[in-house]
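What follows is a set of structures for review.
Each of the two complexes below includes chain A, the first together with chain B, the second together with chain C.
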Partner chain A sequence: MFFNEFRYNLLTTLRDRHFIMWLILFPMALGSLFKAAFSDIYENDIKFSPIPTAIVQTQKDDIFKEVIRSVSKGKDALLKVTYADSAEEAEKLLKDGKVAGVITKDGTLGLTVASNGMDTTILKAFTDRYLTEEKLIKDTLEKDPMKLPALTAALKDDLKTVKKVRLTDGVSDPYITYFFNLLAMVAACSSVTGLNVVMQNQADQSPLGARKGCSPTPKLISTLAVLAGCWLTGMMCTAISVSFLAFVLKVDFGSRLGFVYLAAMMGGIMGTSMGFMIGSLVKGSYEKKNAVAMVISLGGSFLSGLMIADIKPDIMEKAPLVNALNPTAVVCDSFYYLNLDADYDRFIGKMVTMLVMTVLFTAVGFIFTRRKKYAGL
Partner chain B sequence: MAENVVEIEGLVKRYGELTALDHLTLEIKEGEVFGLLGPNGSGKTTTINCLLSLLSYDKGSIRIFGREMSPTAYDIKKDIGVIMQNVAVFEELTVQENIDYFCGLYITDKQKKRQCVEEAIKFVGLEDFRKFRPKKLSGGLLRRLNIACGIAHKPKLIILDEPTVAVDPQSRNKILEGIEELNRNGATVIYTSHYMEEVEQICTRIAIMDRGRKIAEGTKEELKAMTKNTETINVALRELPDEVLNEIGALSHIYSAEYTDGILTAACSGGRHNLIRVLEVLQKHDLHIGQVTTVQPTLNDVFLEITGKALRDKED
Partner chain C sequence: MQVFKLFMQILKKKMPVAMIYVVLFMVLCLAFTAKGDGEMTFEESKVSIVITDNDNTAESKALTEYIGKRCRVTEPKMSKNDALYFNHISFSLTVNEGYAQKLAAGDTDDLFTEEYVHENYGAAYMENFLGEYVGCVRAAVIAGDDMSEALKSAEEAMDIDTEVKMVPADSGKMNGLESGGGFFRYLPFILISVMMYTLSAVMVAINKKEVRFRTNCSAISPVSYGGQLVAGSVTFVMAVWVLFMVLGALVRGGFDGKGWVQVLNSGVFAVASALVAVIVSLLINTEQTINIVSNVVGLAMSFMCGVFVPQSMLSDSVLAVGRFMPMYWYTKANDMLTGAELYSADKVAECIGVEAGFCIALAAVALMIFKLKVRADD
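Entry: the complex of A and B
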């Protein structure tokens, strides 16, 4: 009986064109739109650009010359080098803002910068690294010059990482948050499938509910089976969305993609249970229940920053309780913490919150469906 | 003597001030096709919903197969087939899948279920539509699917709540024939309708309801015997002088004679050869006689006589 209910609920949901439209196609379309809108910004702002640097070399130093040549050539160059004949000329370039820093190589290695910033940090890291590895580079050049390109490439990559790490650090990257929000929205919108649990099992909600009420299948089994089917579809929807973003649109979720799937699918389960609870609490037609579910899902998405990214930090600051109780924000936060933190503590915290919310929503849903007396049938 | 399959005693159901069922008592015996006849709002569907424990009630008791009916009486429910007034099928499933789903609510054995589904499809004549989705079916075929979903598990008691609403005559006949066949195969049937012709055609015993009360019960012959009218004679005439009309009205066993729009209507109560005696009077006065019909009393006449109103609205 359980499997009969589960199987056919799954079939009906997957064949429902509204479900396919809103929980699979719409997120794909919105994700594609985000990708198209943000790709230029990614290219211009986030993609690593060589740092304009003036070089003043007053003493002959083949090692330094070779290293500078290596880090300033190719598509993945670290520096965009301008050679200056004198310190004055280099300072003028720096003053005019044409370069971010001046590296001077006479007896020693010197660095002059105009202001603090990301490029300055990298130039400082570069000079420090050069000084610590000068001997190694010198030895390599003397003993095995073929290995020098590999050595300088490693140097470039390490220094670029300084910039990349900083760029994806927390809220300074506003673009990936839109994709996090999109996934959270899909999870929350799974609530529409949760409404079916009530519509299909309550005698006063639909002819199907009444018809099933006449059958010898216990209501608890029937409700659990339909709920399990809806949970599975909620998980499938979020998993499809993650896959589409990660593998079709090539959105970079970092190295923890497996956990992104896990959080998204848990969110799908929570959203479905939320729909079950809404369906049992809200009296009236399916349209009314659906409207309430959509307002909560999309309203929650708005508050977690789907439409305006800056709204979430404001809410976190001014009304942290709203953020803590907003299921969409909870799902969204799990992605943030996965992206921001080196450890999993806060991520696990959000996963536990989702689990608790799921249990709560499901329990309320069951309590209110069992209380129905069908006086208005 | 056949056992009672359903026993309803003193059933009262109230919605606030409105009494939907007023001390309703019914006994339905094994093998019967029992008709619940009444106008819209008379309490037929409320009776069915209480019977199936879909509705709670204020007073009374319901026993099915000799046991108390309740929402958790699954051992009783497994032997009941229900065909609701509103078609209850999944739009996203095919004909075969729908029947398989509903059959699966009752039968867990796969092989038995498959056999039952096949038999149900054949029974309602949907063999050529098994892969169709409900929205591709006509109203009549959809009703047949609804019936197949309700009877696939071979129930002992079948409850049909107005199964022919908005159905074309061909499908209606098919449905009624099907119900008779189910009864011949051993099922007890409860059939609600406000179509008196259907109830007269298939029901072995009938209860007439109005305003939540049972106002009459019996076989159709017993019910018709409750009316004063035994026959109504209609004769088309170009003209009918008042003295002739009075003469006809004075004939024995004729208790009412009217002449309206060129039609003489004479209502008879008992007696024999009433038509011949009316025609003899007309011939005696050398009147030109047109079409002549006689109408036997219907359940509508029974209802009309008891309640003073028609059983159903003209547009029905």
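Entry: the complex of A and C
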């Protein structure tokens, strides 16, 4: 009986494939867009690269020239320098957005910028440092000229004061969280398939439900069979989404792709169960149930950072409980921890949370759909 | 006006479901505004930094105190990995044990340890800062100061400020804002989503085969039928838009000069959103599918047109596609009105004009699709 119901549910789902098709197309379309929109942002705007700077030097100053040359060479270069013949030419480069700032060296050192940001702050720090060292030399010259050679030698030294330690072997690009959120949203949207469990088994929701209601198949088996069919559909949709992102769009999920599949499929199951629970709790038409499912999916995705990535760390810091209870955030965090952490502790924690939520949602779904009696249909 | 009346009757029946979406998006709108408002006030870029002092000497304390004056020293409530990954802190600095001894001996190698997740501008700034500080202390010691004097001299020397001139530029990112903040920034996503979710419920009911067939064989012409549907949709949309504007007025405490232009901008965009929603509802008319399509359309447009990620950060190819959507022009106008881009009244008018042009084009497309559907039914 169970397998008959299960098989027919799968066949029905596959034949009425509009929704499933969109559930699969949805991450493909948005994933392709994310790939096009975000692939260069990390390299261009977040990861440090030498700051494009225009230099206008109206007076001969060999020390300044040497300093500029030293900070614009090698793999640790601070500036990417363009020499301009006049202040007007340099300002044009600035206004066109080709350089972040203009350093002018005439009698004194000046900086012209068009915006406030970390790049222009670094430029100011550089010019400040130049002026500081210039002052130190002048002061020493006034106080004790004999010490000048030692001082200039010390200032010339390329100091390696900082030892760098990288905390993760995962993908550093913070924009990858958009892909994690996208997969989490697919899982949450699987809740719409979960609504079908109620629609197909409750006698007051559909003619099929009414027919099933008077059939000899025990309701528990019938509901479980449909739910299992929907779980399989949810798992399939999330697995296809992961495959598309990983192999077609070449999104770098790191070296633990198998676990990404596992988390995504678990998310699909949880999302479906959430739909089953919503369907059983919300009384009334399919539209109303669907609206509540979409509200929870969309609201959860917002809180998880799909629309504004900064929301996620804010909630992690200020309201961690919201993050722990939001199903979309739980799915998203499982991918995130898998990427960032060297160990599996936090990932396992999220998988256990998903499992507990699935059991809870399913149990509530069963409790609110059992032993229904209808005066008339 | 039979079809218009029918539209309103169905709308009345669907109002509870529509209100669920309206309330959701109002809440989201408030959340977006709260999140976006922080960017309205410009602050000079200060690096957020976490400091661990393993040396605990007078020298290391002097350094950490001085860093406190120049940077934002924080204690994140989340793990260090998470805070670094999400750029809540830009730099994690450990003053290594033996810092004071090494400094006195003139040994400057590995005085500090930096833990990082990705290389960012904040880290580059701090590396330069620490190098400068240590260099200045060393120079002061060479110049004859003892260590406590050298620390003070270094701080004094580093307090020099370069004179910075600021010029306006056409390339965006004006005033430190990468995109206009406040109520109107995320409004296009809210408007297009609320229109699609709410209108689709009505349109699906009107477009049901049986209803459509019955209307097709009535005396009403397809153009009149389609026109009345568009009129009904626009009426509903304007009502929803007014609701959101009232919310906006409450949140912002009213509108000023440029604020009213933003209101106009959003009004024209609301009509364009309604027409997009009508077209989608005409093409897809199953209840199950339409919500997920609404998600795709709303999110895709918002990402492509610079609502969620500023236009100045998007690649040229993405923006080239975005130009064919009204949301791009809304965002461009809004960026100028909020100071994220150089303001030009002509350019703002041009953007709103393009949006109005999209409205006419979308209305024509909606009527054409409707006519084609009627013909296909025949």
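Keep this in mind: the second predicted complex is superposed on the first by the 238 of 377 C-alpha atoms of A that agree within 3 Å, B and C clash if a C-alpha of one lies under 4 Å from a C-alpha of the other, contacts with A are read in each partner's own complex, and residues count from 1 in each chain.
Throughout what follows, contacts are C-beta pairs under 8 Å (C-beta built on N, C-alpha and C of every residue); 3 or more make two chains touch, one makes a residue touch a chain.
Since the structure is predicted, the reported quantities are computational estimates derived from the model, not experimental observations.
Student: Now for A:298: first (chain B), second (chain C), both, or neither, which partner does it touch?
Tutor: It touches chain C, and chain B stays clear.
Student: Quick one: is A:87 in contact with chain B, with chain C, with both, or with neither? Answer first, second, both or neither.
Tutor: Neither partner.
Student: Examine A:315 and indicate which partner it touches, taking first as chain B and second as chain C; both and neither are also allowed.
Tutor: neither
Student: Between chain B (first) and chain C (second), which does A:207 come into contact with in this model arrangement: first, second, both, or neither?
Tutor: First partner only, chain B.
Student: Determine, under the contact definition given at the top, whether A:127 touches first (chain B), second (chain C), both, or neither.
Tutor: second
Student: Is A:246 touching the first partner chain B, the second partner chain C, both, or neither of them?
Tutor: In the superposition, A:246 touches no partner, neither chain B nor chain C.
Student: Tell me which partner touches more residues of chain A in the superposed arrangement, chain B or chain C.
Tutor: C
Student: Using the superposition on chain A described above, determine whether A:221 touches chain B (first), chain C (second), both, or neither.
Tutor: Neither partner.
Student: For A:282, is the partner it touches chain B (first), chain C (second), both, or none of the two (neither)?
Tutor: neither
Student: With the touch criterion stated at the top, can you tell me which chain A residues are shared between the chain B interface and the chain C interface?
Tutor: none
Student: What residues of chain B sit close enough to touch chain A in their complex?
Tutor: For chain B paired with chain A, touching residues are 15, 49, 52-56, 71-72, 74-75, 77-78, 80, 82, 84, 86-90, 92-93, 97, 101-102, 104-106, 108, 149.
Student: Given the complex with chain C, which residues does chain A contribute to the contact?
Tutor: Counting only chain A, the residues touching chain C are 18-19, 22-23, 25-26, 29-30, 33-34, 36-42, 44-48, 78, 91, 94-97, 108-122, 124-129, 131-133, 135-136, 139-140, 143-144, 147, 150-151, 154-155, 157, 159-168, 172-174, 185, 189, 192, 285-288, 290-292, 294-295, 298-299, 302, 306-314, 316-318, 320, 340-341.
Student: For the complex, which residues does chain C have touching chain A?
Tutor: 14, 16-17, 20-21, 24, 27-28, 31-32, 35, 42, 44-45, 47, 76-78, 80-88, 96, 108-125, 127-132, 134-136, 138-140, 142-144, 157-158, 160-176, 186, 189, 193, 197, 201, 286-289, 291-293, 295-296, 299-300, 302-304, 308-309, 313-315, 317-318
Student: Could you please specify the touching residues of chain A with respect to chain B in the complex?
Tutor: 1, 4-5, 8, 11-13, 15-16, 203, 206-208, 210-219, 373-375, 377
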